[in-house]
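The two complexes that follow have chain A in common; it is paired with chain B in the first and with chain C in the second.
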Partner chain A sequence: MRGNKKWANAYLVFVFLILYTPIIYLIYYSFNSGGTMHDFEGFTLEWYKEVIGDTRLWIIVLNTLTIALLAAAISTILGVMGALAIYYVKKRQMKQLLLTLNNVLIVSPDVIIGASFLILFTIIGIQLGFTSVLLSHIAFSVPIVVLMVLPKLQEMSPTLIDAARDLGANQWDVLTKVILPFITPGIFAGFFMALTYSLDDFAVTFFVTGNGFSTLSVEIYSRARQGISLSINALSTLLFLFTVVLVIGYYFISQKSSTLYGMRGRRK
Partner chain B sequence: MSCASARMMVRDPMKNSVRNVYLFPYVIWIGLFVVAPILLILYYSFFDIDGNWTLANYKTFFTPIYLKMAASSVWYAFLITFFSLLVAYPTAYWLTKTKHKQLWLLLMILPTWVNLLLKVYAFLGIFGTYGLANAILETIGIGTKQILFTDFSFVFVSVYIFIPFMILPIFNSLEELNPSLIDAARDLGASAWTTFRRVVFPLTLDGVKAGCQAVFIPSLSLFMITRLIAGNRVITLGTAIEQHFLVTQNWGMGSTIAVFLIIAMAIVVIATGNRK
Partner chain C sequence: MRKLISFFAAVFFASFVLLYVSVQLNKTEGYAGENTLTVYNWGDYIDPALIKKFEKQTGIKVIYQTFDSNEAMMAKIAQGGTTFDVAVPSEYAVSKMKEDGLLIPLDHSKLPNLKYINPRFLNLSFDPGNKYSVPYFWGTVGIVYNREMLGGKKITSWNDLWDKDLRNQILLVDGAREVIGMGLNSLHYSLNDTNKKHLQEAKEKLDRLTPNVKAIVGDEIKMLLANEEAAIGVVWSGDAAEIIAENDNLDYVVPKEGSNLWFDNMVIPKTAKNIEGAHRFINFMLDPKNAAQNAEYVGYSTPNEKALDYLPKEITEDKRFYPDFESIGNLEVYENLGKRMLAYYNELFLQFKMHRK
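Up next is the complex of A and B:
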């Protein structure tokens, strides 16, 4: 086994390089004055200027962030309620049923979610656009929040609640002074996951967005379908930096809640 | 839940009503966004493009064209899952042996936070005629090849996308493994390979199953990668659904394919689902 150590490290470095090559490739050519993703001609910031001067793109970025923050906030509230609901349900079968239904959207392929939501919104008569995208982002983020919060609830000793009740706390006090503080790390993790799910989603949004409304993923897709344009590269550099900042933030939160377990369960 | 309504609940002697406050919105969510959509898909699969009730969609699905498409989609999903596992298992295994493993794991997972479409787009450049891949092929003497718009590029890019999702559950199950079991096996004379085959791998099967589930199901439905990278060479179930819903507007046929995709999903979940 000892002789394998070198091979092991070489393998890890190899996988690491493969994983990062496309990202570095994108960033490297975002500075290419040649306008292509091969033959680096000269250094330029032209593409960054183009991205920064693109008002339409910034409106889309604003849309994307608005949707993500709203969806994450609302789905966190719904998800915490869902986790509490599952926690309080006493019947084993009922609990299992709720958990199964909760997980349906997590394992469902995005096309199914997108197609079925498209039918749903059309039938209810919700116009495709901001509302439909927001509703579907809330919908697919709820189960992941539930899954992040529920283990925290189960970790909590029930005697804590009994003690609080014995000392005269009412239900509202028990919730706000005992339960919520205890599960805060789970709530933060859930909120963060919902945020990244929403920011990252392409397929579902692609189905339920109308003509007038676009998010960043959809915009990147339609630009990439037209071929290579280095302003996408410049955009990806900016997004990558933003992502790194977000991940560092998440790292500190998850350090508090002890492990990276469950980080990015599925997809996409 | 507003403050006032919460306080009202408090005065209520029935503890159940407090539970119902939580249960109510959650059950509404389940009904509206989990149960109703599946039923709607099922319902729509019985209508043709003009809105008449029919079983024709199912008949169409059982014609050779669609069956072949479904079979090749499953085959591609299998290939993608297989190669992801092949790359990810050793990675996860050796990751657990590194010194700062949580940090390394984070670095391996970090690319999943980069928008999937940007990574796919990067491969348009890498696999292009003058891109990095062909430059490498050129230097080692194989010469320029058409890589984009082939099924190879589709499988490669998909595996690339899914590797981190395979690493994570396997890493977690390896971390849960009790190291004294390995010592015991070695003490009892098992070789490194036997120890791995008879002790380590069976005990981390849950992680492998979770990873396979996280890779196989989405790879049945990837339509953006096929559209961007594989041209029209590869059509998955997802591509067909997207086509019917958004291009030809034949929601009935799209729903029928979706019904089969849901069935496939259920089978995979049951097959990989006997975890604790």
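Up next is the complex of A and C:
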């Protein structure tokens, strides 16, 4: 048994090494004074200075975060509504049809979605920029949220709703006091899924950006044409540290709230 | 429920704060004002200090956007919905955009600095009379080779590449016209040949090159050559200048059979909002001092004759990047061959790529 555990740990370490090596490699060379991703010549903070002095880059970072947060929030609200609608459909075939239509959007290639959005926006005369990017991000995030929320709804026992009804709850009460609290984990999962999808989307965004508006992935791509400048490494390092801080913060918050709930449970 | 509501309220609040900050930043930087100019150029293809200088001189705020291929740029401009004021297409893209009605004619009275351009680079087949375009940079396609790895062997012509000793040593750029053109040139045909028999012949000749070809790659070719992953690469001259600066063992040659002469050109696309500003920007870039500064930063060859006076001698006397045209007469500009012929070139190139070693 003990030997097994050792192997399991070794395997775990190995997998994490593979996953993190590229990131560490990138961070390491962000300090290279040589200006390339090979031959480490000396330590420098020059690239970080360049990033901090580049206002355009910061505007793009802010744009990316704004788009991601707004798109995730709006698509979560729409997606929860959609999941509820699918849940309440009585006919089985209709339900299947709706779900398939939803899934087709997830499976279809980003490039096609992006190209069709570009055509749509130019036909109806929406200027490419903030609005076009936000709308397309909401559109491709909604199906994901639906898919994350629906299993939670199906998991919920229908007797819960019946019981609430018996106790005199109206439609609104059932929704806000029974269903939504039950599917809250699914909603959060959907939100964070949509957030990551929006943050790292390249293909769709590439088609619908324009007029000086850009997101980080598109900007890095166009800067990379002449060989990636190490300021991109520096920026990636900063963003990586930012996400690490966020994850740690999230961990402490969830720890705190779970102990609170635990205490409340005991007092009862 | 309360948890959900407060969570979403916080998210919306945070995003509006972020939005506010970025709008404020845009304002202080001047991007949101009326007096702006959107420049659409290749990545890292201008000295950023020049943009600052232009902004200071004219009070116009420049929004600088980049693209990575002529096709992507043309698609965005053709679609509309953007406000690019100046774009920098290559010569064949200029003639295509001209045909599609995507360009606004230039007002030469607003471009007095046009007189500094070497007449050799004006009035070319892709834009007679420079009605729509002004050359920005020019260069050639040629061979970069590693002296050390080849052990003193000299490369001077395309046909040297077929040498049996060069097994698995050659990297090619992933461009149909460049590679098929190399085959045509090695047989002393024109780069714009539309005779299908000649093209077949070139393709068969290229098939015989496959044992020597290590890979057909994109922009990473610069890194691979600088790291000595292969001894020989077929590249554009600007890329060559960049890698030679990185690795002293490398040298560049324009093959004696002839090669391609290419231009990137400044144009005003039909999406332009600030046509006056666009002319001022183009004229600013044509100023000899500015052109020299830009050429030194970017590393490509400038068509601006007066600018050569401001460049260091080591650069302007380097025959590899500023060849005298008398010695190599066979430099040809790509002509727009039409959709059909281009598809045929691509087809041949694809067949070559699929050819088994």
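Keep this in mind: the second predicted complex is superposed on the first by the 221 of 268 C-alpha atoms of A that agree within 3 Å, B and C clash if a C-alpha of one lies under 4 Å from a C-alpha of the other, contacts with A are read in each partner's own complex, and residues count from 1 in each chain.
As a working rule, a contact is a pair of C-beta atoms (placed from the backbone, for glycine too) under 8 Å apart; a residue touches a chain by one contact, two chains touch by 3 or more.
Computed from a predicted model, the values in this text were never measured in an experiment.
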| item | value |
| --- | --- |
| First, second, both or neither for A:Leu118, with chain B first and chain C second | both |
| Chain A: partner with more touched residues, chain B or chain C | B |
| Touched partner set for A:Tyr221, first chain B, second chain C, both or neither | both |
| Touched partner set for A:Met156, first chain B, second chain C, both or neither | neither |
| Which of chain B and chain C A:Leu78 touches, first, second, both or neither | first |
| First (chain B), second (chain C), both or neither touched by A:Ala139 | first |
| First (chain B), second (chain C), both or neither touched by A:Leu99 | neither |
| Partner chain(s) touched by A:Ile52 [first = chain B, second = chain C, both, neither] | neither |
| Contacts of A:Leu238 with chain B and chain C, given as first, second, both or neither | neither |
| Partner chain(s) touched by A:Leu12 [first = chain B, second = chain C, both, neither] | first |
| Those residues of chain A which chain B touches in one complex and chain C touches in the other | 36-38, 118-119, 221, 224-225, 227 |
| Contacting residues of chain B [partner chain A, same complex] | 1, 3, 6-7, 9-10, 15, 18-19, 21-23, 25-27, 29-30, 32-38, 40-41, 44, 87, 90-91, 94-95, 97-98, 102, 104-126, 128, 130-132, 135, 160, 163-165, 168, 172, 192, 213-214, 217-218, 220-221, 223-224, 227-228, 237-238, 241-242, 245-246, 251, 254-255, 258, 261-262, 265, 269 |
| Chain A-facing residues of chain C, complex | 1, 3-4, 7-8, 11-12, 14-15, 18-19, 21-22, 25-26, 29, 31, 36, 38, 42-45, 63-68, 76, 79-83, 219, 222-223, 227, 246 |
| Residue ranges of chain A in contact with chain B within the complex | 1, 8-9, 11-12, 15-16, 18-23, 25-26, 29, 36-39, 78, 81-82, 84-86, 88-89, 98, 101-102, 104-105, 107-120, 123, 136, 139-140, 142, 170-172, 175, 196, 199-200, 202-203, 206-207, 216-217, 220-221, 224-225, 227-228, 232, 236, 239-240, 243-244, 246-247, 251, 260-261, 263-268 |
| Parts of chain A lying in touch with chain C, wherever the complex brings them together | 36-38, 55-56, 58-59, 62-63, 65-66, 69-70, 72-73, 76-77, 118-119, 121-122, 126-128, 132, 176-177, 180-181, 184, 187-188, 191, 210-212, 214, 221-227, 229 |
